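Next come two complexes, and both contain chain A; in the first it sits with chain B, in the second with chain C.
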Partner chain A sequence: MVTNNNVLIEINSLKKYFPVRSGIFLRVKKYVRAVDGVDLVIKRNETLALVGESGCGKTTIGRTILHLTEPTDGEVVFEGKNLTNASKEELMQLRKGMQIVFQNPYTSLHPRKLVKDIVGEPLKIHTNLSSVEILNKVKETLESVGLREEHMYRYPHEFSGGQRQRIAVARAIILKPKFIVLDEPTSALDVSVQARILNLLNELKEELSLTYLFITHDLAVVDYMADRVAVMYLGKIVELGKKDDIFSKPTHPYTRVLEAAIPIPDPFFKKEKILPKGEVPDPANPPKGCRFHTRCDYSIDKCEKVEPVLENIEGEHYVACHRWREIYK
Partner chain B sequence: MKQDTLSMKWKNFVESRKPLIDDWKHTAYLWRKSKLTMIGTFVIVAFIIIAIFAPFIAPYDPIAQDLSKRLQPPSSEHLFGTDQFGRDIFSRVIYGSRIAIQIIVLVSIISGGIGTLVGVFAGYFGGVVDEVLMRITDMFLAFPSLVLAMAFAAAMGPSLTNTIIAISLVYWTVYARLARAEALRVKNMEYIEAERAMGASNFRIIFSHVLPMCISPVLVQLTLRMGTIILTAAGLGFLGLGAQPPTPEWGAMVSDGRNYLVDQWWISTFPGIAIAIVVLGFNLLGDGIRDMLDPRLRR
Partner chain C sequence: MEVLLSVKNLRTIFHTYRGVVKALNGVSFDVYKKDFLGIVGETGCGKSVTSLSIMRLIEEPGEIVEGSVVFDGRDLLKLSEEEMQKVRAKEISMIFQEPKMALNPVLKIGFQIAEAISTAEDLSIKSKEVWEKVYEILRAVGLPDPESMAEKYPHELSGGMAQRIMIAMGLVTKPKLLIADEPTSALDVTIQAQILHLIKELVSEMDTTAMIITHNLGIVAEYCERVVIMYAGNVAEIGDVKTIFKEPLHPYTKGLIKAVPVIGTKGKLQTIKGIVPDLVNPPSGCRFHPRCEHAMDICSKELPPIKEVKTGHFVACHLYN
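Let's turn to the complex of A and B:
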C-alpha cells in the first residue's frame, strides 16, 4: 500500500456481487457483478468524475466507499485507515469525514421533519452541542448554501427541487467533511437549476477544501466539474485520465461512443453519429474477454478471449483496450 | 420597543406556519363537506361528554337496587325504565359509556403500541426477525378474533381488566401488519440511507425516522377499529366473560334483560341502542378520517 499524503481514498480490487435468488428454496443461482475488480485513487481536493451508463456500477462504488453496502471483496482505504475491517467506533469517526448527496432530493429528505432537524441531524449524532448551538450552526450552514434563516421552520415539500438539493448539500457539509460522494446530484433537476447547484458545489469545494467523487452520466456536467474522469462499463473501469486527456483524446471505443453522444447546442451542426451495436449485456453474465467486444467496432479475436487490463498511455492516462495503440493518435 | 419585537416574532411565527395552517383549513373544509363524518364526529363528541359528566347527567346511582320498583316500564321518573333489581336503566346506560371509553382507550393504546412496535421491528430488520415476528402474528390471525378473545378471557378469568387484555392481545396483529408494510416501504427510502451514511444507530433510525412514518396509517385503523372493540367487549360481556355485575357494562346489561325480553323489552333494548349508536359513530368518523387523509382527495 502506498501511503501518500496526496491520496485521500484508495480503492483496491473492489468487488461487489449481488446474489440473485430464485426457485422454491430461494437458492442463490447467480451473482450480478455490479462492481468487478476496481482500483482507484482519489486525491485530496480533486473532483473525480465517475461516468458510465445506467447499471454499470457507478452508484454501487459510491455506496461501497461510504460503507453503506459491504463490499464482497477488496478494500477501501480512507486517509490510511482501512474501512473494510474498521470497528464500529472507528467507522463512526470515519463517517464524520465523508458524506453523500443523493440523486433525488424528493426522496432524500424526511417528509415529516423540519429543515432545521434534517440539517442538524448529523450534529445530533456526532456532537454533544446544545439545541441552541445546533440551531446557530444550522443557520450558518443554510446561509452558506444560499438559503435563509426563515427556511429552517419549513418542511421539505415547501421547497423546489433546487432548494431541496441545497438542503441536502447543507446536511452533507455541516460536519465539515473531507470527502463527499455526489451521486448524480443534478440529474433530477431542471437544466436552469443544475448550473446553480454545480456552481454552489464548486464554491463549497474551494471554501471547505473538499474532495468530490462525482457520479454522473452527463458528460457535459463532467466537463464543467471534473479534474479527472473514470469511465466505467459493466463493473470495470475502462478508461481513466485527466479531464482534458479524456475529452481531447478519448481512446477506449466506449469512451468515444459516450463522447459522440454529448449534445451540441447548435441546430445546424451535423455530427457524425457513432452508435454502439445492441444492448448492454446482462451484468450477471458478462461477455468473456473484453466486456465491450459484443458492441465494439474495433473488436478482434483476441478481444473475445483475453480480458484487457488498464495500461498507461502517457502521464495519468490509462486505458483497458487491446487495440489502443491503433486508436490513439 | 419590546412589544414591537414580540409582535414581529409572532408575525414571523405565523408566517412560517402558514402552510401548516392552510393544511388544517383544508382538512376542516373536507370535514365540513362530508355530512356523515360530521354526524360521526358529533356522536363521538356527545359520547365523550356524556362519559365525562356521567355523575351530573345520571339521575340515580347506577348500582343502587330498589326492589320495590323492579321491572318498571319507561316513564318520566325512570326514562328508560328499571331492570329486575329496580336499578334505573338510564343511569346505567350513562355510566356504561365510562366503561366503554375505558375499554376503547386502553385497548387502543396497548394493541396499537404492541402492534406498531412488532411491525416496525419486523419490517425494518427483515430476514429472520421478520419471519419469526410475522409467523407469530399469523398464529394469532389464524383464529376468529371473537373466539380467541373468549379463550383469553375465559383462561384469565372474567373481569374488566382481563377483557381489556384479551381484546388487546387479539387486535394488535392488524396494526403489526400495517406498520410492517409501512416500515418496509420507508426503510428503502433515500432519507433513511442518508441517515445511515451519517452513522445513526438502528435504534435512532427506527424510533425517530421510521416510526413516525408508520403512525398515521395505524391511527386511522385505530379509529376504524374502535367500533369493533366496543362490539367485542359487549360480546364478551353478554357471554358473561367481561365486566362482572353489578358493573354497568352495556353487553352485560343486554344479557341481563334477555330473559325478560318479551314482556320487559326496555331492559335489553336501551343498552343495545347505545352500543349501536356509538359503534355507528366510530365507523362514520373512522371512514371520514380515512377519506380526509387520502392524498388523492387532498390538493
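Let's turn to the complex of A and C:
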C-alpha cells in the first residue's frame, strides 16, 4: 500500500498470538490467534468502527496498534513511522499522538489518585510544563468534556459512570493526540448516559480533528458514529466498507447474521430474519479454510479448504468470501 | 384479557448503612395470560427487585413492606414459606443473567433438571418418567444428544448452552409464568438471538406467559408484545410495544427512546439532563421531576398515580391528569 497524506495509520499483516500454557512444565501447547493477519488503513479524521463478537480480536487490534501488547508479526505504521521497530524513545514520542479510552470506567481510573493527577499524568510524562501550567491545562480539558473545576480535587469513586468516562476521555485528549482508540466506551453505561458520551465524542472529534478507532458490538452505535466499518470474525476482517455499504449491502454471511442478530430498538424496523447457527469456535483451534464455514448457510466444499482473502466489490467495499458474487445484490 | 399476575402498590426497601434505599416505591402492573411482557429501565430502576419481590426472594437487609402480588387468585405475599416453595417449584420459574452461577457446579446437569421435575411433580428422582422428561426437554431446547448432555457438569458448557439448560429447567415443570431476568446480557449477540428466539418459541408452544427483564430497548422492540417502563422504583408507562415506541407519553419514555441510536439516526442524539437519583434520598413527588422538561408545581409534591389514558396504555404523569 502506498502511504499518502490521507492515511494516518497503516496496519500490515498484523498478527497477535497468545500462548496457552498447560501441563506441569507449563509448556506452550497451542496459541490463541487473537489477530491473525489483518491489513487495515485508518484515514485521517475518520471514525473507523471495528465490530464483532467477544473473542474475535477487536480489542487486541486496538491494543496492538498502540503497542500496548507487542504484535507477534506484522507492522503498524503511524504517520509514516513504523512502530514495530521503533526504539523506546521513539515509541514514547509516537505515543503522544495516540491514546485509548477503555470500556470500564470503574476499573480504568486509579482509585487513589485525585482527578487532577489522573488527567494531568500524561502531561507530567510527556511535557516539561510546571505544575501550575499542568493544573490550568487540566482545568481547561475537564471543562471541554463537561466537568467543572471543583471536580479536580475529587476521587474517581465520587463520580457516576458517565462522569468517570468523561474523566477517561479528558485524560485521552489532554495531549492533543491525533488518534484515539475507543474500546467499547459506552458498553458499561446506561442508555441515557451513553447518548451524552457519544455526542461528546463527536464534538471533540470535530474540535480537535481526531481520528477514532471505535471498537463496539452495537450496530446502532456504529451507524451513529462511524464513517467506515470493519467486521471481524475469529481474528480476521471479513468485511470492510463505508458505513452505507455495510448497512445497505451487507455481503459477508457473517455480517448479515450479525445484523440480523442485533436487536434494533425500533419495532417498525424491518430486517432480514436469519437465526445464527452454532456457537463461536475456539480461537485456539479455528476451523480450516473460511473460519465462518461451520456456521454459514452458504458454505460449499471450497470454504472448508481454501481461506478466502479480502476482495474488492466496488469502491471501498471489501469482503472475504468465496461466494460473494452470488450473495451481493 | 385474563389477568395472571397482578402487582399492586409494591414497596420494597433495603436497610443499608447509608440509610433506607427505597427501591420500589409502589409498583403496580398486570401480567395477562399468554403475555410476552418486557420490563425495561436503567440501572437501579428496580426491575430486578420487582421480579425478586414477586418470587419472594428478597433477603436481608431487604424487606417487602407493602403491596400485594396476586397470582392466579392468591396473594403470594400472604402465603407460608412452604406454600411459596410450591409456587416456585411448579408455577413460576425464573431464569437469571449468569447461567453458570445459577447452576450447581458439582452436580450433573441431568440430575439438576431431574431434581426440578421430581420436586414439582412429587416423583422419585430415579423414576423413568422423570428422566424421559429430562431428555425430552433437553431436545426441546436444542441440545443435541441429550443422553450424553445430561451427564455433563456445568463447567463443560459454554454460556449459551448453560442458558439453554436454565431454560430447560425453568420450562420443564410447565410453569404458568416464566420470569427471565436479563437472560442474555452475559452472552454474545448471535447467541443472544438464539436464546431469545428459543424462549419465545417455547413459551408460545407451551401456551404460557413470560416476563423478560432487560435494559436493552432493542430486545423489547424485537421480542416483546407489551412493555412496562420503570424509573427509579416506579412504573412510568405501560403499553403495547408499538404504541410505546410510536407514541410515548411519559417524558422519561420519550427521552429514553430518543437517547438510543437506531439505524438511520441523523443529527445529534437527544439526551435526558441530569442523572438517576439516589434512592436513599429520592426526589419528592414524581421521582423524575428534577430531570423533566415539563415539570409543574404539583410534580414535586405528589406522586402521579398510574392511569389508563387509552385502552391498554397506562402512564404515571401529571401531564395526563
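The rule is simple: the second predicted complex is superposed on the first by the 320 of 329 C-alpha atoms of A that agree within 3 Å, B and C clash if a C-alpha of one lies under 4 Å from a C-alpha of the other, contacts with A are read in each partner's own complex, and residues count from 1 in each chain.
Throughout what follows, a residue touches a chain if its C-beta (ideal position, glycine included) is under 8 Å from a C-beta of that chain, and two chains touch if they have at least 3 such contacts.
Computed from a predicted model, the values in this text were never measured in an experiment.
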Superposed partners chain B and chain C on chain A - clash or fit: fit
Chain B versus chain C, judged by how many residues of chain A each one touches: C
Partner chain in contact with A:R171 - chain B first, chain C second, else both or neither: first
Chain B versus chain C as contact partner of A:S108, first or second or both or neither: first
Touching partner for A:L26 - first (chain B), second (chain C), both, neither: neither
Which of chain B and chain C A:E150 touches, first, second, both or neither: first
Chain B versus chain C as contact partner of A:V132, first or second or both or neither: neither
First, second, both or neither for A:G162, with chain B first and chain C second: second
Included angle at chain A between vectors to chain C and chain B, based on C-alpha centres and rounded to the nearest 10 degrees: 80
Chain B versus chain C as contact partner of A:N199, first or second or both or neither: second
After superposition on chain A, the shortest CA separation from chain B to chain C (Å): 5
Interface residues, chain B side, partner chain A - complex: 12, 15-17, 19, 189-191, 193-200, 204, 209, 212-213
Interfacial residue positions of chain A with respect to chain B in the complex: 66, 68, 91-92, 95-96, 99-100, 102, 104, 107-112, 121-122, 125-126, 150, 153-155, 158, 168, 171
Chain C - residues contacting chain A, complex: 42-43, 158, 160-161, 188-194, 196-197, 215-223, 241-242, 245-246, 255-257, 259-265, 268-272, 275-276
Chain C contact footprint on chain A (complex, rising order): 53-54, 160, 162, 190-196, 198-199, 202, 217, 219-221, 223-224, 247, 257-258, 260-269, 275-276, 279-280
